[in-house]
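Below is one structure, written out as structure tokens, with a few remarks after it.
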């Protein structure tokens, strides 16, 4: 009995000691998937954030302190991570995350606490829907899906599309729906939609079926690792149609894993790529900074979005002239024409970034930035 | 569906099924003798594939050498795992060893995530495996023929070991009654170590084959093939080597053909195996080729 | 003697819970309250798994499936039709899903009942299986639940899942349910039924020989366990305010199994203590991954190390103290514990 009581008390005290908070720094929390299924995106974004923080260590004359937590590609962990950032580290703003469902889980917490959160590459419309404190530096899936459909139908003149969708992946399900909607609206026809589940590695049954439907283009809104395997198998089965994908395919490793099978593959992305011809000064600065900081590692769009997320918060703090969460949120909502690595960014009334859709094509085993497209909405 | 397409589906099934079969043989070896579902089998599968990758990239080894080395290293690791995590539990309730194997599986997987990182890696495959043979509108990858051949070969070798060698006699004795085997002078611990060695070598070999077919390495790559292969082993009758091969092939065919004929069901594909498992367990708990397991009272 | 023990145990649990809540309500910040909430839910889940596995000997790995069912049913019932209207952006919800609504208490109970129903449906065919076969089959059940959740967007919103689920699950609710779970399971185990369950666990053949309808008792235990797993899932959904099928992977079951094994199979008080210990430990282990705070952000830490340590702990426990870490300490605490862990040899 007494032992139990003692144990309880000890636990209570363990909980009760709160972390001291220092006044002179501005604290920015970062929650990203550093392990688990989405780690490849989260790690790149973290490096982008860290580069931005290294280049811009102060704002309003105060030092910026970063607090990084791993959300492990898991929603429960994600909510916990944000709670920890807000309650324990007492951050004034939060960056994150890769993956819409993770952003939503964390976003509920930030929203309730009134701490502004800037999403990096969470493209699902639900992330900022009805939220006062949640923003993002990326565009949303309906916009991106329309961009891909416009490019396929108008620029390439492809009329018959097929889709291979990961039903267990919110991003994949959402993006395919918007692609389908826009493509049909433009006058195209989606001849076949087949599903798979995250973690599957054999797509031969689905692909054989799709090949028999003879589409002009196959849209695969998957993550790059799965996408590369799908393209490999498609090639082995003799597929000749064009293959297109979304921003989740944007990873420097895609050509390593996909080899010759990804040749000619086109994906939509945020308007940044190291192969860009007419780089904005900001993009150029980022690319050079990256090369110096991480030699031998190619920068990518996720890293750029991480960089932009940090910079847009600093921009908001500078404009607000103070760094309390409320003022940061207000200034973020008023962002117009912020010059980011991924182009000029304005935050619209739904708190999504408005920027053009970029296009990347794989040519001779290299990613080549094709240019931008304005979707037919 | 025209005939070329049907044959293509058949070939796809054959490749997938024989991969499942290869993994299932390893499962069934260990289960047949120790009555232990070795969850860590999936991780051995993953490690085997990674070891080849390093042998080639870091060690600059030629293909066959890297492969043999990877299989040998993984097999010794399997024996080690048995010695550390399962052997102390031989006298414990069976479930203890099972929980231990779940622990080992999670442990190895997370170690892999920490040290290999979650980023998927590419696989080098020899050119002759890449170029498809095209006849009558059907595309055959050399690998499609290679893997079933290998599964069959392994099955025959194992059958020979189990039924024609002294070690095999020991294995069969242990699987019948481990305590009596001790008393009869069977070197139980050595035989079990050998079983783990062989079982893990098979896991590594199948991991390597899997990586050739689905060329990508990641720490979680073994989980789903592992589950499915285990189901295949139960389906075929766990403990039976030919049963594992038949079960694996059957599962491959069911998965591919259901998608081929009912494309709308493609999203449910991962559930097929489990539904099949539950049906088998309900109606024929010993599987297609399994012996009856007595309740030990 | 027995009556006295019940009262003592109940009082103790209530004093402990009351102490936590009373202090936590005002003193703690949200992060710590979140951990307390998770502790309560983890205890509910672990107790229910311990009933199934520790007390009845049914090796079930399907907990995540029951939790998913409870979580979805409860969430559908507590979200407003307007919310659901905004949420189902892929395909509109079925009308009955759209319009279904219930107060929180009813919704949690409904979640539990739905999970219990699923327990009966899968238990009926599967509980005839032994040990590891049952484990793998129930694991299959949980996977099937997840696959179905992905494929029925009009019911579950598919892979997108739900967000903005009303956060009714506060400390009082969670610990209240925790107490209810404890009470029901203690009463169940102290009744004659409890003795039968333990008899089945210890020697099924003997129990059968004595004329016990083994299957019926197994099904009872499994269903009650499923009910509370559903309740735990429902509370978790409301606590996190967002769910999707990916949440209910095998890892979730693994974490709960870890609590049960660490606390001691067949020891309720051990489960409670392990529930507290492991939930706190899992949070505390973040330190292993986060050496960031000390020397600026240069040191990246070792992401993923937490789960390495965690799984290693499970192996060590099963190798060196199969009865569970708390199992031994409990014996010296009060004779209460001896009643619960008797027959564990």
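A, B and C are the chain letters, set down in written order, and residue numbers restart from 1 in every chain.
Heads up, the rule we're going with is that a contact is a pair of C-beta atoms (placed from the backbone, for glycine too) under 8 Å apart; a residue touches a chain by one contact, two chains touch by 3 or more.
What you are looking at is a predicted structure, and each value in this text was computed from that prediction instead of being measured.
Taken together, the touching pairs cover every possible pairing of the chains. The pair with more inter-chain C-beta contacts, choosing from A-B and A-C, is A-C.
Chain A and chain C have Cα centroids lying 33 Å from one another. With centres taken as mean Cα positions, chain B sits 36 Å from chain A.
Annotation for chain B: residues touching 2 or more other chains are 113-114, 118, 267, 270. Residues of chain A in contact with two or more other chains: 35, 39, 167, 195, 197.
Residue positions 147, 150-151, 303-304, 307 of chain C each touch two or more of the other chains. The residues of chain C lying in touch with chain B in their complex are 59, 125-126, 128-133, 135-137, 139-141, 143-144, 147-148, 150-151, 205, 254, 257, 261, 302-305, 307-308, 310-312, 314-315, 318-319, 322. Looking at the complex, you find that chain C touches chain A at residues 8, 12, 15-16, 19-20, 23-24, 27-32, 34-36, 38, 86-87, 89-90, 146-147, 150-151, 153, 158-161, 163-164, 167, 236, 240-247, 273, 276, 280, 283, 286, 289-290, 292-293, 297, 300-301, 303-304, 307, 333-334. Considering their complex, residues 35, 37, 85, 88-89, 92, 94-96, 98-100, 102-104, 106-107, 110-111, 113-114, 118, 227, 230-231, 234, 267-268, 270-271, 273-275, 277-278, 281-282, 285, 295, 297 of chain B touch chain C. The touching residues of chain A, counted against chain C in their complex, run 1, 3-5, 7-9, 11-12, 14-16, 18, 34-35, 39, 50, 53, 66-70, 72, 74-76, 79-80, 83-84, 86-88, 101, 104-105, 108-109, 112-113, 124-126, 129-130, 166-170, 172-174, 177, 195, 197-198. Listed in rising order, the residues of chain B touching chain A in the complex are 1-2, 5, 8-9, 12, 15-16, 113-114, 117-122, 132, 134, 139, 141, 210, 214-216, 218, 220-221, 223-225, 255-257, 259-260, 263, 266-267, 269-270.
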